[in-house]
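The following pair of complexes shares a single chain, chain A, combined with chain B in the former and chain C in the latter.
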Partner chain A sequence: MDKTTPLYARMAEAIVAGDAETAAALARQALDGRLDLQAAIEHGYIPGIRRVGELWESGEYFLPELITSAAAMKAALAVLGPALDATAAAGLSRGRIVIGTIEGDIHDIGKNLVSSMLSANGFDVVDLGADVKIDRFIDAAVETRADLICLSALLTTTMLGQRRVIERLRERGLRDRFKVLVGGAPVSRAWAAEIGADGYGENALAAVTQAAALAAARRTP
Partner chain B sequence: MIPPLRPKVELLSRAYVEKVVSEALGLLEGEGVFVENAEARALFHEAGTAVDDDAQRVRIPTRLVEEALASTPATIVLSDRAGSGEFTVGGDEVHFDPGSTATRVLDSETQRERKAVTADVVRLARLTDACEHIHFQSTALISADVPEIVADSYRLYLGLLYSAKPIVTGTFRTAGFKPMLDMLIAVRGGAEALRRRPLAVFDACPSPPLKWSNLTAQSLIDSARAGLPSQLISMSLTGATAPVTLGGALVQHTAENLSGLVICQLARKGAPVIFGGSPASFDMRKGTTPMGAMETMMIDMAYAQIGKHLGLPTHAYMGLSDAKIPDAQCGFETGMGAVLAALAGINVISGPGMMDFESTQSPEKLLIDNDICGMVYRLLDGVAQRDEPLAAHLFDGIRPDTQFLTMPHTRKWYRIEHRMANLADRDTYDAWEGAGRKSIGDRAAERVRTLLAAVSPNLPDAALQKELRAIMEADARSNGAAGLPELP
Partner chain C sequence: MSPTLRILPEGMSLPAAEGAVLAEVLDRAGVALSLYCGRRGLCGKCLVEIVRGPLPALAEDERTLLARRGLPPKFRLSCRYRISADLDVRVPEFSRLPRMPVLSRGVEGSFPLEPDVRKIRMTVPKPALDSPVALLDLVRAKFPQVDLGASPDALRALVRAWEGGGPDGEITAVLFADRDLLAAEPGDTAGEVYGIAVDLGTTTLVAELVDLASGTVIDTAAALNPQVKFGSDVISRITAAFGATSRAAELRDVVIAGLNEMIGGLCERNHVPHDRVYEAVVAGNTAMNHLFLGLPVDTLAVAPYFAAFSVLPPIPVPASGLALNPAGRVVVAPNIKSFVGGDISAGLAAIDAGHHPGSFLFVDLGTNGELVLKKGARFTATSTAAGPAFEGMTLSCGMLALPGAVFKAEDRDGRTVVETIGGRPARGVCGTGLIDLIAAALRQGRLSPQGHIADPSKRIPVDGPVELTQKDIREVQLAAAAVKTGIRMLLEANGTAAADLDEIYVAGAFGNYLNVANAMALGLLPRVPAEKIRFIGNSSLAGARAMLLSAAERERCEALVGRIDHESLARGAAFQALFVEALEFKEWS
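Here is the complex of A and B:
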């Protein structure tokens, strides 16, 4: 390792501390110094978010820390992303995900948690927000050539829309093109199985694990 | 005779209540609320309020809130299907209803959660009808065997058929209100009669923070115009969709409810409104919404106190549990919640039967909770003075072998002063063992079976049944639903 080591360590620290401002400033520093940006991500930021995951697992970190760190990661990647060449960006991305809360539901806390955790963990996330129409999910997935569609619902009533997205994918002959992951307070594993979803995330971290497995399976020929 | 003291608990000082209200009013005037519904925004516009239609944002002047508060009734009187019972919602009156809108039922046989179907909804409505301490019913379960589009009207239809009690309900689609109102009018025999003697309460949940969705705002407007009470159900999650401190959450809760109350009053001056809610102390590890957390109950009690301070009827989701089976947690969370809610003088307490974060209803838990509610009512009756003097005369001529079992005084009062245990175990160990070592869940399951076998369904007359069926079928047909399930 060379003189960039302390910089990498500071990048990781900024993520662990959930300090978005510092995380972004260090990213700009790497950019201005014409450093190897891919290395900065791999040896600086990713070890940071990995450490956050460990702190969560060990019971030291709770959701506020987890999500604040995810936001710091997002801030750093927002600086570095545009500067990465396409090959490097594609190599770093674990997959593209279209995510949103089903039509009729303007509660989006759960979706935001999952969205942040997915971006922080290297997914390319297209967040459609809350109250998203059924076909809008599918159109966005087609347009962005997404790997996964993540459907959130907080209300028992809007949960039913998750089934409609899957039905609509079938009607449009697109069911095999995208993996579908569902989540939300009223959603259960049984429900996911019943509507024919590919996965179910019972919490934000489980969603990341599920998404990673589904995306990896898709990308393996 | 000295009248009994109504036991009561308040968590906030007067200064604290006033501070919350003042910050909430400031929030409404400064930041305002998001109102998706164009008709609601038009009402604000007509009232001379600054409305930003592009941002769907309304800033509500304090003057308008104060006017709305002044025109909202302090009490509501609900009556049952026959129009005979009178249930006052206001003051410190307490009524329980089963926690509403669960999608799952805890299966009586397997004790596992599964989706509810018509037969489950009917069973629960019949049991609720038989629970003497649960004054209201609610559309407690959503039936999965009808098309989703008519899920809201269908559950009301079943409730009106199988229980005579006033009903807490709500819409899942803006078009759902009309058929639901038609059913209520059919029961009452006219729109004006329904307005005079409301049979149903419509829940409407703002989306935290400070948003009214198109659907919920429409429900407020439609209910207000029909003269049916809107129950405002703010459901903030501390540290997630609301400030993390209890005081901060109360400010948001108050602002959300007050904005809903203003919408109701703008739709129709004098519309009945209940200051309610379903907030939760957000679990920072699991990301769940524990209804059995003490902090959740504290927020409930505190906002209810604020509602009372504002002169409004109150409601809370209390007396429910996050447990997945009727176990010790299920009992202690429900028991604590029911007692605290009643001591806080909350008028409508939605909880009995409900488990697993408001997602599940259990028929067995409903009966256990009915007993809890009975104990709560006993507590609320307080310690009365039954005699003058209290006891001095009972000790006249006392001897070493004096006992009270055979005194006329005992026979006169024991059934009034003391409640018999129903499902709670008060056996000796040997008797309990001899009876098969049953848990309260086992005894409740037996009671569910015997009740359903012994009591015939409390159906309305045939003509009304037919009329309700016609409304329900028309609603289903117009939504492309082929047929409705057979009723059990």
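Here is the complex of A and C:
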């Protein structure tokens, strides 16, 4: 066991504890010690966020814990991110995601949580906010060369906008360019299938798994 | 020297101007008279006994009124009597304006009985041969200063009534808001005047049959809202109606059918003909009253979630679909803004919010978690979309407050002992029971303030097969956090703290069973001295009844809604942080 192991364990712990200060401090330590930053993220912090996912599944962790853990991850990545060279950063990035709450809907806590968890889990996230117009999702995805469009809706009324985005993608000849993931309280697997979405995220953690699967599928030609 | 008026049995004396109308002087002295016909000398409800003082000759109609009431000749109509000299007057109980209590308990307060619908018996003799004045004008002449309106249907009824009114042309005119002649009936039917107060709840419909002559509630009926088959909450019903005209019509039809079934039952059981019921006041939240009126709910379905109307003029009964006298009127309690609707404006009427001298928080602990804060002269409202957890929905063992529901739980000799409605074996848990159980589990260390069940089984046993799961706890955390965040944001937006509130009125699903200490332990309500908490039960129904029994209450309610600001919680930048923090079960103040 090399001497980084205790450090990696403490990095994971900081994430699980939702301790942003320690997470950032340990990141600076890795930086100053000229350690392999990519490894620090993969073996230190990411196991932490994965453990958080397990604790959520088991019911031990709830929204506040997810949020503080995601914040801790964000703090660590804020220190390490700039130090990674472009290739390493690209290698670490699991994909770029455009996310937002559908037009007519101003609920965003759930979407914010998904956004944080996606960032924490290595995705490059462009968060458009709430009440986002149908075409804006598509325009932003095109501009940023995103891999995935994630659509959140909290009301059964605004959910219809998710179908509209997919129709619009087809109308604009862009359906094959992006994977579409839908979520939100009234959304279901059946609805996702009905509207032709590529995936359905039941909660923030499931969204991460789905996003990872969809992004990986894209990279395989 | 101005004449002195002595009022009995009070014994008070006061000077009165010569030529002043007795009824006005009595009113100024604080003696509330029943001025039913608006001081036109028609109804006979302001008769007083002249004990000592001038006794002018009886007018013809006064003589008739005294004869009909079997009163001795010393009585005079105080609305006609002009003071000319010293006078001793006895105001009998039957001439005093009854004051109706608003709520059966929780808040003192009353208002005078002055319904919009009034029936006034009168005699309309044939016009003179040389001056064939029109029938409506003969009636109008009895109501000077008012341009009495009458529809063709009302005129038709007037003619028929007069024809059937015998040689003296005795008819009973049915008036609304001192403005419209709704109908007329032959003979004297003044004592048969009824109305219906309705709480148009998302889950439960409640209707009261009210005697508008005496102000008493004759009977009450309650039923499940038939719309539940389209969804248990407001949003699912809005979705069903959204952009689907036929479904919206169905939603409307079923609720009207449900209400008419209740009205039919009330009338039959109490031998009141439908055509003696002239008014209904319907209080429901915004989505409910839109669906009832057959209005599109599209504007409520997407941000900024605005209503089609706030104050609506009374509508003719046929337009409402309700089975009342077709000449009558239906009043819909006004909406405040967005989802904060008529049930809340009625609730505020029930606590006489407009006259409250200080500051209060009004909380409706139901699905929509509406809140209204009064601070100084400012009113702010919001809805927190708490979700149906407090009504027992979305929980594994949740149920409405029906027999078999655990509604109470206490610690006794180290164990948690539960009580069920009706004493039946426990089938599930309702709102108040949830709060008690969670408070108990927190005290016993079985549940962490973060909502985590300590036991590896991840369950909290309640009674028999009934138990709370981890997911149930999370649902309650979300619902309670929504309400708590709403309260905190309202307080902050008004620069005030919970400690500064004079009262917290709690309305809604919980009736009076809510254990306040437990609710505070969970953080659902801020920690304030227990005596500041007032349970007002079904304040929506109480407010509807108040508006039915008093035109002034209806007008006050309508005036108040325009003064109420709306705070949209989701727009507040602080919302997410506050909401997440509020998920913890913790007292706060």
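Observations on the structure shown:
Assume the second predicted complex is superposed on the first by the 215 of 221 C-alpha atoms of A that agree within 3 Å, B and C clash if a C-alpha of one lies under 4 Å from a C-alpha of the other, contacts with A are read in each partner's own complex, and residues count from 1 in each chain.
Quick note on the criterion: contacts are C-beta pairs under 8 Å (C-beta built on N, C-alpha and C of every residue); 3 or more make two chains touch, one makes a residue touch a chain.
Predicted model only: the values in this text are computed from it and were never measured.
Placing chain B and chain C on a common chain A by superposition gives a clash between them.
Of the two partner chains, chain B is the only one touched by A:110; chain C is not. Contacts of A:156 after superposition: both chain B and chain C are touched. With both structures placed on the common chain, the touch criterion links A:207 to neither chain B nor chain C. Residue contacts after overlaying the shared chain place A:52 against neither chain B nor chain C. Applying the stated contact rule after C-alpha superposition, one finds that A:60 touches chain C and leaves chain B untouched. After superposing the two complexes on chain A, the stretch of chain C that clashes with chain B is 293-301, out of 113-121, 293-301 or 455-463.
Residues 59, 62-64, 104, 106-107, 109, 131, 156-157 of chain A lie at the contact with chain B in one complex and at the contact with chain C in the other. Note for the complex: chain B touches chain A at residues 36, 101-103, 113-114, 142, 148, 151-152, 172, 207-208, 211, 213, 215, 237, 239-241, 282, 284-289, 357, 359.
Partner chain B is touched in their complex by these residues of chain A: 59, 62-64, 104, 106-107, 109-110, 113, 131, 156-157, 159-160, 185-186, 188, 190, 203-204. Remark: chain C residues 235-236, 238-239, 242, 301-303, 450-453, 458, 470-471, 474, 477, 568, 570-571, 575-576, 579-581, 583-584 touch chain A in the complex. Interface residues of chain A facing chain C in the complex, by the touch rule stated above, are 59-60, 62-65, 67, 103-109, 112, 130-131, 155-158.
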